[in-house]
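Read through the structures below before going on.
Two complexes follow with chain A in common, the first pairing it with chain B and the second with chain C.
Take a look at the complex of A and B:
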């Protein structure tokens, strides 16, 4: 009984210690941001590996999600004779929800896991300790540019996802199923609000970018420096980011759209 | 060389991201139909606005000429005060135009439809001359302009939105009355 209580207490303490380390890390990383203005090369390198390399999966998924929504939405709306509203449905779903959320999930799987594995392996092979030996702060040199790159990439990727998705819905709805082209765009423009829908979607994607990148670099930096530890940290990144995205999405939606 | 290619890719990535944001703003949202400061405000009182929202369209002959800017409840008159912003280019609406709340489609959103009045202009001076004929003073017509809706003016003639429950209620009560009459006979 006492032993179980002790193990519960141990887990709780462990959890709060990790939470505390995570917050200390993000404060250090944010403090390291201004120095990056003098070394833009570091950010560009990371933008390439975090953003550009995620481009393919995000754009292809966006296009297919848009096409599927075009098909599904058409089949549902045509029963009510409201297939002209297809554009509204596709655009609102993508801009408000699917764009930020699915992009963030893909981003966690594609870029977040790569960041964790890279940083964890640097730690396991003692590259980070070697940097400290040379009086180079690994948080500023390694973590800060990766964080900034993730933070910048995520809203851009989400915007591309939504834009390509709207085009995918257009391709299926107008191109294949014969929805009127003018109605697709005009009803969309009449119903989608710049502030209420698009800005809130962008804010969501910024929040998700922050959280996913934070979790990814923290898991990497906090990984147990063995091959098993790195692999577990990578798994945790994907699982924890996905849960955080879904939970935060609910909270943000409740705050924004009521 | 590899850094150059990396940089080009990153440049393309950022440009594409911004282009996507721009496309969402311009093509998908209502930004293109949204120009704010050139309009003028017109108010109207309604007894019942149920379903009308801020930013609902204001139309005339079915063409959107403005948007609902604010909806307030007037404590003194115990009715809804709706402020509409009409776009500046439509500055020739007669001031006795009437405003009604309509529904677009069966389940669609509410909008305000304006209908032009005759214009309450006293341009023509009509008088009976000595021989009993009606003379119209044409000279006055050229000088005067018909009074139009301007910043802050109020639309007096309004018609409320039709509430389905009320309509059905009226229908049923009338139906019942007729039923009673027939039984009396």
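Take a look at the complex of A and C:
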């Protein structure tokens, strides 16, 4: 009994210590941001590996999700004779929900895990220590540009996802199932609101980008410097990010659309 | 000891990790311009000592001063200024794996100066020439042997012309030729560049051949110190065991355990 309590207490302490370290780290990373404006090359490099390299999976997934929504939506709407509203349905679902959420989940799996593994391995092979001893602060030199790149990439990727998804819906709905093209676009144009729908979706993706990248760089930096430690940190990044995304999505949706 | 001649001064150093006391009142002095070797069995915290001197770790108690500055209490900015004057060679080299040999050596110069590319090129080639790897400048770290990686790391460590270099187990896992190369390099660089070198090692023969002064650490304390000759002729049983590599003696062969018969339930 005492042992169980002890181990519970130990776990709780461990959790709060990690939480504390995570917050200290993000403050340091944010403090390192202004200096990055003088070294754009660092950000461009990371934008490429975090953002551009995630583009393919995001675009392909977006297209398929859009196509599935075209099929499912058509089958439901046609029963009510409302198949011309397919465009609105596809667009709203994507912009409000699926765009930010699915992109963030893919982003955590593709870019987040890569960030954690890279930083964790740099730690395990003493590259971060070597930087410290060369008087180069790894938080500013390695973590800060990666964080900024993730933060910038995520909303852009979510926008791409939604845009390609709308095209996927168009391809199935208009191209294959014969929904009227004019209705698809014009109803979408009339019903999707810039502030209510698009801005809120963008805010979601910005929040997700912040949180996923934060978790990824923290897990890498805090990883136990062994191969097992890095592998566990990578798994944790994907699991924690996914849970954070879904939890935050509920909270944000409740705040925005109620 | 003359104050000006001492570059690093460690006093009453105490440090514990995971509930185990690693240093329990260590005092040592590292003289300018000399090669000081710190020896001791594996697990005595030799590497930890280097990390404490570079303030990658903070001691529980005691003082460590480097070039007159107390590193245990230095602020971030001053610590980084001090580190620019310290080089450290990690056990596996710790090269940045996504940069070529040339870029690795250029890295600290690019980070800390605004020199032109042409000047950086000249400097890097000079440093690589010093370690005999000018021809390997375009290779990636993954293409280097262990000994070569350490030499590149050494070129990187001297890139900013530091006042001291700390070597973490430079001879471990090296074939006899690279070992010979490294031994000669450490001595030559120390004398040619007027460096102060701290070498952490348990390779007695190689380390004593270049040492100007040796500290022997065990059980969290300095058990003996002196020149190679002093230690070879020392009365300390411990020093004798270590220097001659005897398997049993004051440092027991067996790790601390309960009696053998109890363990076997006899």
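To be clear about the criterion, the second predicted complex is superposed on the first by the 258 of 258 C-alpha atoms of A that agree within 3 Å, B and C clash if a C-alpha of one lies under 4 Å from a C-alpha of the other, contacts with A are read in each partner's own complex, and residues count from 1 in each chain.
Definition applied: contacts are C-beta pairs under 8 Å (C-beta built on N, C-alpha and C of every residue); 3 or more make two chains touch, one makes a residue touch a chain.
Quick caveat: nothing in here was measured; it's all calculated off a predicted structure.
Q: Between chain B (first) and chain C (second), which does A:144 come into contact with in this model arrangement: first, second, both, or neither?
A: Once the two structures are laid over each other on A, A:144 reaches no partner at all.
Q: For A:47, is the partner it touches chain B (first), chain C (second), both, or none of the two (neither)?
A: The first partner, chain B, only.
Q: Classify the contacts of A:135 with the two partner chains as first (chain B alone), second (chain C alone), both, or neither.
A: Only chain C; A:135 stays clear of chain B.
Q: For A:117, using the defined touch cut-off, is the partner it touches chain B, chain C, both, or neither? Pick first, second, both or neither.
A: After superposition on chain A, A:117 lies in contact with neither partner.
Q: Which holds for A:194: it touches chain B only (first), chain C only (second), both, or neither?
A: First partner only.
Q: Give the label of whichever partner, chain B or chain C, reaches more residues of chain A.
A: Looking at chain B versus chain C, the one contacting more residues of chain A is B.
Q: Check the residue A:127 against both partner chains and state whether it touches chain B (first), chain C (second), both, or neither.
A: Second partner only, chain C.
Q: Name the residues of chain A shared by its contacts with chain B and its contacts with chain C.
A: Correct list for chain A: none, the interfaces share no residue.
Q: Touching residues of chain C toward chain A in the complex: what are they?
A: 51, 54, 56, 80-81, 83-84, 86-88, 90-92, 94-97, 107-108, 111-112, 153, 156, 160
Q: In the complex of these two chains, what residues of chain A are touching chain B?
A: 41, 44-45, 47-48, 51-52, 55, 91, 95, 152-153, 155-157, 159-160, 162-164, 166, 185, 188-194, 197-198, 202
Q: For a test of understanding, state which residues of chain A touch chain C in their complex under the given definition.
A: 125-127, 129-137, 141
Q: Which residues of chain B touch chain A in the complex?
A: Spelled out, the residues of chain B in touch with chain A are 3, 6-7, 9-10, 12-14, 16-21, 23-25, 27-34, 55, 57.
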